[in-house]
């Protein structure tokens, strides 16, 4: 349990302006709907005004323009969402592991595990692997030969890191993630597939978060690279030889096919797909469920979501998509029919 | 192996009307194509009439209107599909585990495991966790601190349940499922991502089935809630703070983004996506591969699948979608052109 | 590390014609961009001519028509891509496991494990299971009762094979794959779901590769069948009762719903979906992110990807899709309006 902090203490640590009782003690963050007297909620947008009116939270974080919407004790911040993130971090600090090795883990004699690291039951650390200071390897994780995990990282239970990969410092890797499996590299010969050995690695920078059951394939001959600060949600697939630029974030079930090169500070919405061998420049935002089939060279927001409708309307409209070219031809014919007549009219 | 039952015994247990020899003994269910003399098949629809004609099954379950389609011994039921489900349950009863703990599991002293439960090799049960009566924790599963699994549940090998989550009674959780990993909550600040600690839980009701490699994220501050009787197929992603109403079912690779609220008795087809913060009312059916981008307030079936075609036709028609607004403008222009002329004609 | 081979030795093993010094020794394959003096790269297409000009590779594999594009020592092959695959296989031979069983694995007394096989730490082999010669069962894998894995196969860490399944010889199964979980079979009765016991198996042929976190469900009563030489990338979902024909390949996150029957030598692009109960004939190629909603009886390439655009253009054009039927009606009205006038003109 976090120790309570007063609004004044919070503001002296994180900034912001306190309105109301600075000695009010806060134990935890909460939502406008469910927070109690010892919790602090935040107002993301004036749209949630009604929720603010009904809240039982002890205090609220909000933007200057929303300051007058409540009489509750409050912290006014120009940027309430990041403020709330930092406040929640303050109240819920990361737990450091107890250094040590569970009796039921398996660590190769030729592995290096920092004295301050922790390795849990059932985890396996292979020869030549290197586990950094204060890093926490969860139950049943597998760290392949010659792979390295940087300091202050946490691998939740059942993460697999194949051989010869590298993950930087302060990584968070969730359960079921698989780092460094073979890329899907096959040449066809006489109706059969010949496997191309996948001898590249996966190299992951610092401050990367990887979601549950996400997979990142190793490169074919060069490496797959995930730069610093990348955030990947659950069930994401990153193909071999990709490069994902720093501070890019992808929501659940996004997929990036092999050899794609994605810039910095990009975002991919849930279930978005980037096809293979494409380049996406910095600062591109791809909407959910959008398939990117060409390279993008201009920052901006790109979308390709097919609209849903009630089933009958969908069926009626969608049937016409297979005849769009005909429809366009007919419009062209109508336009031509008009024109000579205009002349003969003249 | 199930012990054989006669048609008469089956009908006295499950109802239905026997036509033909009530003493015919049945060992197992089978398909119309592959069942043998000691198996009972079922006719889902009159469409499969030809298969019925060719079947070698010993008996068949079918609807009254199909009763005359075969001379085989048969059980006539008004609802042959649920009947077949119950019959297969009867012939293939759930196996209860041998109570006990494998020597190679790890159970914290501060965990509570019911005496009738079973914990397999490599499983880890953390402090404060609670495993219900007759519950079967498979090989390599991980049950985090203070998480509870209800009675008569089965977790197949390699399921991960993070700390402080709750799963109800009679749950079936398939391998690779991850319950309670962090939601994807991040605030942006100066081009970087600030993690918002995910302090909510996952609360799962009774009679829930969760497919292989499905992920359900814990809430940000409030909880992610899966109500009673929900059935989730494989590789489904449920984002943080979602509520999934009772008896809703989702097919493989469906995804629900954060804070979505899905009603009761809904169905999502395979690969369907519901975007974040939306509300879907009760009794909504979403077709496969459909992206729901607005809340739905009226029960019914909704679809948004883009039609496929042979590649050349697709390319020709799809190119026009980027010019639909132009096409509509041109049609409007043609309509306008017509109108004044009509007037001058008159 | 592979032992170096001269160009002459390579050509005498794999064929191809050496141009330049046949005694040049090659240690490894590399990419045109990053290969060094002891590496051999390959030119996939004349499009990469510029990369060839700038390469520091010691040698190159290329097609006869590209032979004159470089002065580097080279091997000319009619089919440079499969040639490169075989060459990389030659330089990176598959490693055979050390026979034996890790002290921390669990093998039931009623299981059969070949003397030349290897079972790693934390793996569990259940009663009646059968592990073939030289097969390598990775850390934390689970092989259910009465399941069989053929000779010369490799299961990377954390693969789950449920009971009574069969995988052939020379399989490669990547981490997190789940073979044989229950199919999603449920009958509805009074607003609730009745589980249909999934008593079929998964039968997998020889020379199959299965990607990380891919799931293949067992059949309901008959079996799910994956024929010889099938290659499945990561996060693929194969529903119950499917049959996937020999030498078919699927890219990441493809999904095949229950009871679909896919022919031989087909390909599915990334995130492609085949709906349930459909038949796809041999030699069909389905583009990425395409949803197949009807059976296909003619070989060829089929596509159904919705085009993306900048967000504003997308919004403008896509809004019209819900009015396509109206637009078509209006075009028809314009055509009709024209016709009588044409007559009156005549």
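General observations
By written order: A, B and C. Residues from 1 in each chain.
Assume a contact is a pair of C-beta atoms (placed from the backbone, for glycine too) under 8 Å apart; a residue touches a chain by one contact, two chains touch by 3 or more.
As the structure is a prediction and not an experimental result, all values here were calculated from the model.
Interchain contacts join each chain to each other chain, per the touch definition above.
Between the two copies, subunit A and subunit C, the C-alpha superposition involves a rotation of 120 degrees in steps of 5. Because subunit B and subunit C share one sequence, their contact can be compared position by position; here under half of the interface residue numbers appear on both sides. With centres taken as mean Cα positions, subunit C sits 25 Å from subunit B. With touch defined as above, residues shared between interfaces to two or more other chains in subunit B number as follows: 104, 122, 140, 158, 176, 213, 235, 253, 305-307, 309, 318, 321, 323-324, 327, 331, 334. The touching residues of subunit A, when paired with subunit C in their complex, are 104, 106, 122, 124, 140, 142, 158, 160, 162, 176, 178, 181-182, 184, 186-189, 191-197, 199, 213, 215, 217, 221-222, 235, 237, 239, 253, 255, 257, 273, 275-276, 286-287, 290-293, 300-307, 309, 313, 316-318, 320-321, 323-324, 327, 330-331, 334, 337.
For subunit B in complex with subunit C, the touching residues are 28-31, 33-35, 79, 81-82, 84-86, 88-89, 91-92, 102, 104, 120-122, 138-140, 156-158, 172, 174-176, 209, 211-213, 229, 231, 233-235, 247, 249, 251-253, 265, 270-271, 288-289, 305-311, 314-315, 318-319, 321-325, 327-328, 331, 334-335, 338.
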